[in-house]
Amino acid sequence: MFPPYEVTVAYKLTMIIQLQSSITPAEKEAICKTIASLGYKTTEVNTQRHTYLVGIGKKEFDIRLLGQMKGITDIHRVSDDYKLVSRKWKVDRTRISLGDEVTIGDGSLSIMAGPCSIENEAQIEQTIAHLVGNGVRIMRGGVFKPRSSPYAFRGLGVEGLKLWYSLARKSGIKIISEVMQVSQIASMVDYVDIFQVGARNTQNFNLLDELGKVDKPVMIKRGISGTLEELLYSAEYVFAAGNEKLMLCERGIRTYERASRNTMDLNAIPILKEKTHLPVIADPSHGIGIREFVEPIALAAVMAGADGVIYETHLNPEEAASDGQQTLDFEESSNLISRMRKTFELRENF
Amino acid sequence: MFPPYEVTVAYKLTMIIQLQSSITPAEKEAICKTIASLGYKTTEVNTQRHTYLVGIGKKEFDIRLLGQMKGITDIHRVSDDYKLVSRKWKVDRTRISLGDEVTIGDGSLSIMAGPCSIENEAQIEQTIAHLVGNGVRIMRGGVFKPRSSPYAFRGLGVEGLKLWYSLARKSGIKIISEVMQVSQIASMVDYVDIFQVGARNTQNFNLLDELGKVDKPVMIKRGISGTLEELLYSAEYVFAAGNEKLMLCERGIRTYERASRNTMDLNAIPILKEKTHLPVIADPSHGIGIREFVEPIALAAVMAGADGVIYETHLNPEEAASDGQQTLDFEESSNLISRMRKTFELRENF
Amino acid sequence: MFPPYEVTVAYKLTMIIQLQSSITPAEKEAICKTIASLGYKTTEVNTQRHTYLVGIGKKEFDIRLLGQMKGITDIHRVSDDYKLVSRKWKVDRTRISLGDEVTIGDGSLSIMAGPCSIENEAQIEQTIAHLVGNGVRIMRGGVFKPRSSPYAFRGLGVEGLKLWYSLARKSGIKIISEVMQVSQIASMVDYVDIFQVGARNTQNFNLLDELGKVDKPVMIKRGISGTLEELLYSAEYVFAAGNEKLMLCERGIRTYERASRNTMDLNAIPILKEKTHLPVIADPSHGIGIREFVEPIALAAVMAGADGVIYETHLNPEEAASDGQQTLDFEESSNLISRMRKTFELRENF
Amino acid sequence: MFPPYEVTVAYKLTMIIQLQSSITPAEKEAICKTIASLGYKTTEVNTQRHTYLVGIGKKEFDIRLLGQMKGITDIHRVSDDYKLVSRKWKVDRTRISLGDEVTIGDGSLSIMAGPCSIENEAQIEQTIAHLVGNGVRIMRGGVFKPRSSPYAFRGLGVEGLKLWYSLARKSGIKIISEVMQVSQIASMVDYVDIFQVGARNTQNFNLLDELGKVDKPVMIKRGISGTLEELLYSAEYVFAAGNEKLMLCERGIRTYERASRNTMDLNAIPILKEKTHLPVIADPSHGIGIREFVEPIALAAVMAGADGVIYETHLNPEEAASDGQQTLDFEESSNLISRMRKTFELRENF
C-alpha cells in the first residue's frame, strides 16, 4: 500500500543498478544522465554495504545501453512494487552475521529463545544457562513492553538491557529485543544484536526510516492484520533507508477464529522465501498462543522452510511477568530445540 | 452455533452413557427413569457401533447413582457443546477401517491423492498406476463439481464413478469422492469408500443428517470461513444421526490475505487433535492453492500432527479439467509421498 | 468463483441477445450461426419472461452484424463475469410483483417483518394484526430451522406454513420463508410468495438451479463470508436457470469483530445497486444481532439506498423460540416502521 | 488487549472516585488509606479537567464507606476493562469545545471536510471558501503523510500547517490534522484544534501517552483491523494520561471483501455510543473508498447515530495529490452537507 517510492501510474518499470565502490563522480553522473534521458526518475540508495540507483519509469528500454557503462556492478529489471528486497534482482539469499560465528540465513537453523519480558538478573542467568546448555546462541526478551503504562509492568528499560548485555556477552549469547519508538534506538543500539520491530509497528514508517540508518540487523514482524505485500514494503523502507541486514517474521494474523490467539499463516513461509532474498523467521509462540501447541507449530514452520524460529521460554512460565500461557518451560524448550534440529536436518537432506 | 441438541440455558451439564449391547428393555427403562428424575432430558443415539444415552441438564448430580445400574458400559460427563465427538469422554482415538488393511487413524499416515476431477478412463488408469507404484491406497477425485452448470464441465457423474470403482477395485485402491446433495448418496454409496463433504456443505444439515444413516465413512471439510467449533458441531450432527466413522479436514480458511488462495490454518491440527477423538486430515492443495508450495505445506501439516494428507495430482496438471494451478505432476507427487513418509517417521520417533 | 458459464481464458467478451417472443425457428437459427461464425459459444437462457442468447467469446466484433438481424429485441455487451444480473446490459431496475398491489423494486420501500420462527396460530395472528395495523404487506417467518435436529425445535414444517398461508391470505399479507433443500420446494411453492435462500445456502448450486425453474420470486442472502461477487454469481445461477424474479439481501458478514453478531456491510448496498438491476434488501436483525441497535442499522440501510428491509419482530421477544436477543417487540417495530418510512421519504426527496 | 492498568486476576472490581477541586491533602490521604484498607490498588489520574482516583481490587465492599468521606464529588463502580471512557460511570456525554462556538458532542452534527493532503495556498483558500459558504467550521487535511519517503510526496510539513492556520483563523475555521509521531506534537500543537491519530497509530502507546499531556482535543481512528474494545482501550490511555477531550472515529476495517477499500462497520456507531461517553465520528471516505458511494455511506452513518462526519473534498479530485478516487468535488460536497443536515434533523426529531 505504501511503497517507499512514488508510484503514480499504473504500469511502471524499475531498474536496480548496483554501483562499483570505485565508481568516479564523472561515471556516476554519466549513468544518471543516461537514465534521465530514458525518462526514468532515479533515487540513489546508499546502504552500509553498497550504493544503488533505483530508476522508475514507464518506457521499455534496451538494458544494454546501461550495461556497457563504467562503474556498474550489476543491473536488473524488477516488476514487483517492492524492489530492493525482491528476489527477482538478487537471487543470492541475504546472510546476516552477528559476529562470533553466529549467522542468520546461511543455511543453518537460527534459534532465538527467551522470556517475553526480561525480569531480573536471576532470570537472565537461568535463561542463558539453558540456552548455552542447548547450544542456542540468540536470546530474545523484551525490556520495553507495549502494555507499559504508569500503572503496569513497564519492563526493565535500558538498565535491564545493559545488565542483560553484560551477562550475555560473557556467554557468547546474542541479543534480540524489541524497539518501540525512535527515541529508544540510540540507547539500545550498543546493547542489542538485532532490533525487533513488533507487529504494532510494522507500518510505523518513522521507526523504519530511522532503523535504516543503523548498522545493526533488524527483524520486522508481520502486522497484526498485515499482508505479505505490506511486510515486504516495510522491509523495502528500511533497505531504501540504508540497512540491508533485514529479516522478516511470521507471527500469526488476526482472523475470525478464536480457538487460537492468532492464525499462524505458514503459507507465508514458502511464499516469502520465493519473493524475497531476506531470511524468514517463524514465531510459533504468538502464532498459536497456547503453550502445549507451540511445539507442533514450531516443527511445522521448520518443515515449511523457515530460516529460524523465535519462541518464548522461562524457568517457570506460571510466574512469568507476561505471556505465561504461551511460554515453554526449560524442559519443553530443550525437547523443542532437539526436535527442531532433527526436523531441519531432515528437510535439508531432501 | 448450531449444536444438534437443544441448548436453551446458559450452563448445561451433559452425561454420555454408553449402553451394553446386551441391555434389557427393563434395564434401559430404569436408567431413563433415573436420568429423568435428575431433571435431565435424554436423547438416545444409535450408531452403527453402539447405543448411547445423551443426557442434558442443569443440576449437579452424583455420577455413582447411575454407575451402579445394570446395562451400562461407561458413563462420562462432558462440558463441551459438542459431546459425542469430544475427546473428553472418549480418549481412545477413532480408527476407521476401509477394508483390505487400509485403516485411517491407526497411527499410520493416510495419503489420499488424485485429480480434482475424474476425467476419463485413461486418466483414472494413469493415476491408479502412479498410486500403486508409490504404495498409496486411497484415491481422491470429483465426479460432481460444484461449478457444474448447464454450460460448464459437470464432472462425469455416477457413470464415471462406476468406471473408477471397477478400475480401482482391481488394484486395491479405495475411493474418496465428494457428495454434494442428499439425492446423490444412494447412487454413490456402493462405489465410494469415503464420502467427502465439501467446504460449501459443512453446514448443510440435511446432508449431514442423511450421511449419519449411511454405513460408509465420512470426511467433513472445514467451512470456507468456518470455525473449528462449527466443524466439530457438524461432525456431532453426523455422529448423533448414527455414523461414528468420521474424519475432519483442514483445507484453509478465507482471510484478507490474497497471496495464497486460502490461509492454511495449521493451528487447527493440534487443536482438533486435542479436542476430538476423530482423525484429522490436511488438504494442502486447497490450503495454499499454488502448486510449487503444496509440498512444504503438506510436510508442515504432517509435522503438526495430521493423521493424513489429501492432495491433487495429475499426469499433466496443465491439462487438468480443473484446479491445475494447484495440482502436482506425478514426479512431484512421488517426491512428496516419499518426503511425507520420512517426515511422519521422524515425528513418530519423537 | 463459480460463474454458471464456462470461463477458461483470461479475457472474455459476452453478448446478451434478448429475442423477440415472435421469433421464428429459422430466424433463431440464423442468429446462432452468425454468433458461431464469430467464434462465440452460445447458451440459450429461457426464463419465465424472455428468451436470451448468452454468447461468450474472445474476439471483438461489430455489434451491427447482429443488430440488423430479425427476431432480436435488444443486444448488449457485458464485461462482468456475472452477466444476466448485471446492470450493464439492463439499466431498468427489476420490479417484482407479488400480486394485490404489492411490488418490490418499484421505487417504494418494501418492509418484511415477522418472527424468526413460526410458532403457533396465536403468534401468527398477533403478528398479522401488528403488520396490518402498520400497513406492512409482507411477513417473514421460518418453518424449517437450520438448527433442526431430532432433539431441538424443528419449526412447524409445511403444516405450519399452510396454516400461516390461510391466515395471511385473509389479511392480504404476503409470505417470505426460507427453503433449505430441494425436496422442500414442491411442498412450499403454493404457500409462499417469496422463497428465501439462507446465508448457509448461498452457494448451494443444486438448490439455486431448482429455484430457477420455479415461478416464484427468490431472495438470496449473502453468504456468511461471501463476497458481493459470489452473491451476484449465485443470482446469475438462478437467472440462467430461468427465474428472473430475484432480489439480494445483505445480512452481515463474519469478521474478527465480536462486539456484534455479524458485521453489517452497508457498503454492499450502494455497490450492489450500481452493479445489478436486482432489488437489494437489508437484514439489520442478523446484521448487528442486538435488539436495541436494530433500529439505527435499519434506518442507516434505508439511507444507504436499500429497496427494502427485513427484520424480526415478536409479541414477546423474550419468549420467542429463537433469535429473541435480536427481535423487536411490536412497539419497537411500529416505531421502526414509521421511522423507516420517514427516512425513505427524505431519501427519495433528495 | 492492553488496558492501561495492570490486570492480573480474572475478576476485578473498579471504583472511580472524582475528587473535589477543593480537597485538602489530609482528606485525600484519608481516602487513599480507606481504599488501601479494602485491598484496592489506587492510581491517581489528573486530567486537565479533574482529578480521579481509580481503584482496582477484588473484594466487594460497601460503597457508602467512601461516599461519606470529605473531598469526593462522585463515586462509581465500573466492570468494563476500559473505565474512564466508559458510559457506565459517566452518563453525560463529553462535549468538546474548540472555541468560537464550535463544539463537538453537544447534540449538533459536526462536519469536518477538506483534502487528503494540504497542497498549497490556493488549495487551502479554495477549500476554506467552500466550507465557509456551506457553514462548515472544521477543515481536515494532512501535512505529514504516512506514505512519506525520501522519494514521494511528503506533505507540506509544519510550514504548510502554519500557512493553513493563518488562513483558517481569518475565516473562523478550525483545523484537524494527523500527528504521526511524538516529535511532531510540539511543533503542531499551536496550529491545530484537533490532533488526529491515524489507523496505523491506534496502538502507538507512546504517541497516545504524549497526547494525554496536551491541552488539545484528540480524535482516535479505529485500527485497520482493530476491535472496538481496542479502540476504547486506546482512548483510555489518553484519558488516563490526562486528556479528557477525546473523540473516536470509525473508518472501516479490513476484511476479505475487495469490492470496497475497507468494510465500513456502521454497527460500531450505536455500539460505541452505548459503551462510551465520547463523541463518535464517521469517516465514509476511507470507509468505502469509492467517490460515488461516499454520500450514501455518510448519510447512513448520520442515521446510525454519528456525532459527526469527516470526509475528503477537493476542488479538483482528479488532480488531488492523494486519495483522489475517494474525494468529492465541491458540488458533491455541498450536496452532501445539505443532505447530512436534513438527515440529522430527521434523526433528532424521532
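Each chain gets a letter, A, B, C and D, in the order it is written, and its residues are counted from 1.
One rule holds for everything that comes next: a residue touches a chain if its C-beta (ideal position, glycine included) is under 8 Å from a C-beta of that chain, and two chains touch if they have at least 3 such contacts.
Remember, it's a predicted structure, so these values are computed and weren't measured experimentally.
Visitor: Comparing A-D against A-B, which pair counts more contacting C-beta pairs?
Guide: Ranking A-B and A-D by C-beta contacts puts A-B first.
Visitor: Work out the mean Cα position per chain and let me know which chain is farthest from chain A.
Guide: That would be chain C.
Visitor: Please tell me the distance, in whole Å, between the geometric centres of chain B and chain D computed from their C-alpha atoms.
Guide: Computed value for the inter-centroid distance: 49 Å.
Visitor: Rounded to a whole Å, what is the gap between the Cα centroids of chain A and chain B?
Guide: 39
Visitor: Can you give the whole-Å distance between the Cα centres of chain A and chain D?
Guide: One centre to the other, that is 34 Å.
Visitor: Residues of chain C that contact two or more other chains, please.
Guide: As it turns out, chain C has residues touching two or more other chains at 225, 254-256, 258.
Visitor: Okay, in this complex, where on chain D does chain A touch?
Guide: Touching chain A from chain D are residues 2, 4-6, 43, 146-153, 180-183, 200-201, 203-206, 209, 223-225, 237, 240-241, 254.
Visitor: Give the list of chain D residues in touch with chain C in this complex.
Guide: Per the stated touch rule, the residues are 225, 227-229, 253, 255-260, 263-271, 274, 287-288, 290, 292-293, 296-297, 299-305, 339, 342-343, 346-347, 350.
Visitor: What residues on chain D touch chain B, complex-wise?
Guide: Touch residues, chain D against chain B: 225, 254-256, 258.
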